[in-house]
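Report on the following structure.
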Amino acid sequence: MLGYIDKIREISKRLLDEGRVDMVVGFRKGSMPMMNEPSFIKNSGEVSKLVWDSNCGINLANYLTDRKEKIGVIAKGCDSRNIVTHILENKIKRDQLVIIGVPCKGMIDRRLITAMFDTEVREVNEKGDTVTVKGAGFEKKLKKSDILQDNCSKCIHRNPVLYDELAAPLVEEQKDIDRYAEVRRIEAMSPQEKWQYFEDLIAPCIRCYACRNACPLCYCPTCFVDESRPQWVGKSQDETDIRTFHFLRAYHCAGRCTDCGACERACPVGIKVRQFTSKLNKDCLDMFGWEAGVLPDQRPPLDTFKPADPGDFIK
Amino acid sequence: MKVMKIDKNDWAGGIGKIQSSYRLYGPVKGDAFHDFKALEKGELPDLNFLNTRISPKSVVYPQSEIMFEYSLDEKNPDHHIMKDAAKDYSPKAILGIRPCDAASFLLVKRNFDTTEYKDPYWIRSYEATTFIGYACNNPCSTCFCTTAGSGPFNEDGLDILLTDAGDCWYAKAITEKGEKLLNAAGWNTIAAGGSLKKIASLKKEAEAKISSLVSTDQLNNKKTTELYEAPFWEDVSFACINCGTCTFLCPTCWCFDIQDENSGCSGVRMKNWDSCMFPLFTIHGTGHNPRGTKLHRVRQRFMHKLKYYVDKYENGIQCVGCGRCIRSCPVNIDIRRVCDMMNSYDPEACACPVK
Amino acid sequence: MQNPYMPYPVRIDEIITETEDRNLKTFKFVFLNPGDEDKFSYRAGQFAELSVTGKGEIPIGIASSPTEKGFVKFTVNKVGLVSSYLHSMKVGEIMGIRGPLGNSYPWDTLEGKNVVIIGGGFAFTTLRSSIVSMLDPANRKKFKDINVIYGARTPGMLLYRDELATWERRDDIKMHITVDAANDPDWKYNVGFVPAITEKKAPKADADTYAIICGPPVMIKFTQPVLDKLGYGHDHIIMSLENRMKCGIGMCGRCNIGKEFVCKDGPVFTLAQLNATPREY
C-alpha cells in the first residue's frame, strides 16, 4: 500500500489545481510509530504532506460533515461505506465530494503490537507484507496478516464501494471469512455468563466518549448521554449509567455500522466495543440480508418497512 | 536526607508492613497496560512498567466523588438540607508513582488550594497521601519531562524516591512523611556511602535518554489575544474528535462538574471529572455556547495549559511532560508540536494572505 | 476547613412574578440558621449559587442590597433545568444558597464619582442592588450624579416596576426608563432602544464618570459604540459577564475568559480588561 501515495498525491494535486475541490482530506505523517494524523490540504503545493500506509485506520468520513467546501476525500473500503451512509442520511451531498478511492489491504493493530513487547516500540516500517518493529535492543519482523486490526482481518469490503478516482487497481476481496465466530461464542453463553462477560468488558470505561466521537455515525447534535432535559443517563461512574451508554450507543448504530473499527481503535482503555456492534451487524445480515453502506440507493432496514421483514420481535 | 538500601528480598515484607498502617495504591497490570489500583492485602505492585495508561490523579481526586447527601422526604426533619458524606482520610500511600506524575499534584494544588477558597476534598485527600516515587531509568520517546519542569528523577511532590539499582532498591527519604513510611515498612538499612553517587549517575543516564523536548521560554511574552487569534488553530484542531481522552488521562487536568443524583427520596451531590473537550462544558442555559466549535475547545485546552496557566501562576506550564495525551490521542494530536508553534508564534511573520 | 461547596439552608419566604411573560420571578429567601445571614455578607454586583436540592445549582446575581436586612433576593429567569424547577417551587420550601461569590462592582473606585447605570431586560438584578445601596441615606453622599438608563421590550417586561416609579419621583437619581415599544397608552416614559436613549441622555464622559453596563449581548454590542462616541474610556466602562458556572470559586474550569475566571476574578470587568482577553462569553 506504500506505493499508493504517489498516485494519491498526483490525483490530489490535479483536483486542487483544476479547482474541482477546495480541500483534500487525508493523512499526514504522525509523530509516533503506527500513527498518522487526519489532516487537510488546500494548496496543491502541499500534497507532499499526504501519506498513506497501514496506519491510516481512522475513518475520514468523520471529517466531512457540516462543512461548506467541496472536498476531495481519501477513502478506503470502510470510509467509502460510511460516506454512502452519510449521503443516505443527508449528512453530506454527493456532489460536494470527490472520492479518491483506496483499495485497502488492512490496517495494523497498534495496540496488539505494543502489547507484544515489554519495552517501547520506537520504529515500525513496512515493506510489502512484512512489518519490521524496532525498539531499544530488539528488532522483529512480523507478517502483516498476523497483526491486522481485528475488523480488517475480517473485512470483505476492502475496495471502496463508491469512488470518482482510484489510487490503485482494485484488490481481491477476502473470501471464506468467518466474521461472526466471536459473536456466536457470546450468543452461546447463558444469560448469567453474558451478563458477567459484558460487565467485565466495560469495567475499565472512563466515559471519555472516544468510541462515540470517533464513529462517523455518531453525529447527533446532542447525544442522549448529554441531554439534561430530561436527563436519561447519570454522569458519574455508576455501572448502570455506563452500561446504558454502551448499549444505547450500539443500538443507535444498528444497521448503520460498517465495522470500520474506529471506536475500538480510539478507546484509550482498550475496550473491545465492537463486541456490541458486531452482534447487531450479524443480526442485520441474518434478518435483512443487509450490510451498511454497500448500496448507495437503498434505505437501511431500520428506517424502512417491508411486509416480509421478520416480525417475531413484536409480541 | 537519608538513603535506605532495600534488599529485593525484603521488598514483599515491607509492602505488607506498609499495608498495616496505610491504604496502599500501586500499579497493577490489566489486560494490556498498567493502572494504579488499591492493592489487596498481600498483593504486590507490578513495577515492570513504563508508565500507567491513566494518570494516578484519581488516587487523590476520584473521577466521581460524593460531597453531600440529602433527603427529599418532607417527613424527615432535615429534608432538602445538604449533609456531609462520610469520608475516609486515613493515611494512604501511592507506591510506584513516576516523578512527572508526582510533580503534577503540585501544579493541581494551585487550583484547589488558594488563599480565598480551599477544596476540602482534594486537600484532605492529598494531605493524607504519601508519595513513593519510582525513578525512570528508561523514559519513553514521548516523555518530555525535562523541559516541562520535571525529570525522570525529579523529587518535587515526592516523599520518597525509589531507584532500581539492579541488585537492590535505593529509597531516598525526601520528607518526614517519607521517613515515617520507610520506618513503617521496616526499611531502615542506611545505604553505603556510594549510593547518592550511584543515584546521581543513573539520573544523568536517564536524563540523557530523554529525546523529546519542548520550548516554553517565550510563552509568557506572547500576547494572549494574538495567540488566541493565531491561524494555526484550524490545522491543530482539524483531526480532533473532541473526546475526553487527553483530559481524562492527563495528570494535570482538574476540571469537574457538579451533579445531583437522586434515587427515590434521597440523593447525593457529587463532583465528576469533566472535560473542556465536551461542548456541554460551557453551554449556557439559553443554548448559546461561547466555545461552540471544536476549534474553540482544542484551543482552550492548549491555551489553558500553555498560556493562561503560565500567566496566572508564573510558575511554568500546566504540563509535566508525561506524554500520555500524545500516546493515547486517537488521532495523534501532539502537544509538543502545538507548544512549539505557540512558543515560536510571530503574528508579524504570519503567512496569512494580506491585501 | 470551611467547605466552599456547602450551601446555607434557606426557606423561600416570598415569590413575586415580575414580568408579563411570567418568565421572571423574584425569590426572597430567609436563612434557616441564625448566624448564616452575617456570614453571607455581600456587596452589590456579587452573585450566589442557588442550590435546588436534587436538581443542582445555578449562579444568579444578588438582587437585594446589602442595606436590606433579614433576607436576600434573587430574580431568576426561567431557562434551564434548575431555574425551571425553581419556578415551580412554593413559599415555605427549603433549598440552599452558596456565596456570596465573585468580585462585585468596584465600589472603592466609584466613590466620589458620577455613576451611569445602563441596563437592559432581565439583567437589571445586580443593578437594582447597586441602586438601592447607593440611595441608602448612609451611602448617597458617597456618589455624585447617578443616572439610570433601563430598557425592556415592553412596559410589562420591566423588572421592579414599583421601585422604578419610586425612584422616578426622587431628585437624587435621574431615571431614563425606556421600552422598545409601548402597548400602554398611558406610558409616560421613553420609547426607543437602550443605545439610542443612552446617546440622548447619558452624561458626557469625564475622568469622574463611570458607566456600568449590563444587558443582553445585542444591547451591549450597540451601546458600546455610543459610549465610545460620548468619550468614555474603556477603563471607565464596567461590565458584568455571565458564563456557564458550576463551582463559583474558580476551580471547576469552565467559565474562564483567558486566564480570568468569570466566577472568581469577575463577573465584573472593565471593558479595558475584556479587550485583553478572548471574548469567550
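Read from first to last, the chains carry the letters A, B and C; within each, the first residue is number 1.
The rule is short, and it goes like this: contacts are C-beta pairs under 8 Å (C-beta built on N, C-alpha and C of every residue); 3 or more make two chains touch, one makes a residue touch a chain.
This structure is a prediction, so every number in the text was calculated from the model and none was measured.
Each chain gets a centre from the mean of its Cα atoms; the one farthest from the centre of chain C is A. Chain-level centrality, scored on Cα centres against the all-protein Cα centre, points to B. Taking the mean of the C-alpha atoms as each chain's centre, chain A and chain B sit 31 Å apart.
The distance from the centre of chain A to the centre of chain C, with each centre set as the mean of the Cα atoms, comes to 50 Å. As a whole-number value, the distance joining the C-alpha centres of chain B and chain C reads 39 Å.
Under the contact definition stated at the top, not a single residue of chain A touches 2 or more other chains. Residue positions 80 of chain C each touch two or more of the other chains.
Chain B has residues 257, 259 in contact with two or more other chains. Chain B makes touch with chain A in their complex at residues 30-33, 48, 50, 53-54, 63-64, 138, 140-142, 235, 238-239, 241-245, 248-249, 257, 259, 261, 270, 272, 275, 278-280, 326-328, 330-334, 336-337. Across the complex, chain A is touched by residues 80-81, 84 of chain C. Only residues 30-32, 35-40, 58, 62-63, 111, 114-115, 118-120, 122, 136, 204, 206-210, 212-214, 226, 234-238, 265-266, 268-270 of chain A touch chain B when the two sit together in their complex. Every residue of chain A that touches chain C in the complex is listed here, in rising order: 228-229, 231.
Only residues 1-7, 9, 32, 51, 53-58, 79-80, 83, 93-96, 242-244, 246-247, 249-256, 258-259, 264, 276-281 of chain C touch chain B when the two sit together in their complex.
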